[in-house]
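We call the chains A, B, C and D, going by the order they appear; numbering starts again at 1 in every chain.
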């Protein structure tokens, strides 16, 4: 599924989106760690349909998924 | 001595300053009450040399005295 | 050469309303200060409150100028002592007749971070309202008036 | 005809810096509202912090726009519920490259009395900083950069 990337994480991946597979946010985290060098040492959050999700939840593949580094607005 | 009047109190006295005698702020209050109709029912403060004085303090006659109705700045 | 710092007494009073453009101009002047990260601004606007069923059309402000400026200088000094990171503090208050909807009071504080600017503005606004001898005559229709008292 | 009020999603983002004149213009628009007595404004200005001994020259802002606007709509609704007397709330944030000394963020709240405007601005500023997915790349000399993280 398509995953949106932002800020430092987009820079590290060299792309603003990436295609990875995962039937849950937990699996997604593992898949992303294999694809983006250094992600395991970065602080980031996963947003599912524009809401940050801390727990491991199932994904159907139709959700809008984004990987977000720390916020810096203001 | 000269006493500066402001706002509602100047309006009631019909003047922005008034001459009254008193050797203390207490005496001054009595003298003012005799001169400004309704002052005894008004809220006001006395400033001596630009500082509000709550106690009864002696006056030499060389101080800058002002009678101040409630503040409305802002 | 005195050991005591000499504090300039600034005139905070302006004749007539504060132009909203002046707010923007005041902020623009700080663009060269690269240590500023936050500006907090308070603006007082004349409200059309009803007094005895009649709407306020304007407030005519007068002040005991010399005492007000002395008090303001003391408030400024205390504000800078309380928020030492604050880089600038600007206070302006109108005198004369200010119509409903016009601005009569402005406090602008600037600092590296928001907490100092925010706290300083709140504190200065409250002190000015309670300690500066400024008087407001609320102008009502039919040439009547009432005297405003801060809550 | 839904029982739930429909809330418009407003675009808070502007390309480039916020012009200080825009602050004055935003305030001037409220002169016809005779129930307003207080405006509180917060402005964020890009600071020239040192990063690894090098001064920040600009911040390039990007955002996850759709999520940011959804979050902002929720924050707006909660702000009006918490401060029902608040008459207006305006939020703007820059995207793109904002130089040191330029403005990148503005929150303006207006209300009959100062307490509501003051509290709402503080609360909204803090919520925006912690909840909106906005990212800042600090541009340093020699074509290097660092990623900003809110404290």
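Basically, contacts are C-beta pairs under 8 Å (C-beta built on N, C-alpha and C of every residue); 3 or more make two chains touch, one makes a residue touch a chain.
Nothing here was measured: the structure is a model prediction, and the numbers come from that model.
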Steps needed, at minimum, to go from chain B to chain C via contacts: 1
Centre-to-centre distance between chain B and chain A (centres being mean Cα positions), rounded to whole Å: 72
Centre-of-Cα separation between chain D and chain A, whole angstrom: 26
CA centroid of chain A to CA centroid of chain C, Å: 48
Shared-contact residues (touching 2 or more other chains) in chain C: 44, 114, 125
Multi-chain contact sites of chain B, meaning residues that touch two or more partners: 74
Chains touching one another, given as label pairs in label order: A-D, B-C, C-D
Residues on chain B engaged by chain C in the complex (per definition of touch): 4, 6-8, 11, 47, 50-51, 64, 66, 68-74
Contact set on chain D toward chain C in their complex: 19-25, 27-28, 30-48, 55, 100-103, 110, 112, 114, 118, 121-122, 125
Residue ranges of chain C touching chain B (in the complex, touch as defined): 44, 59, 61-64, 66-68, 70-71, 93, 104-105, 125, 128-137, 147-150
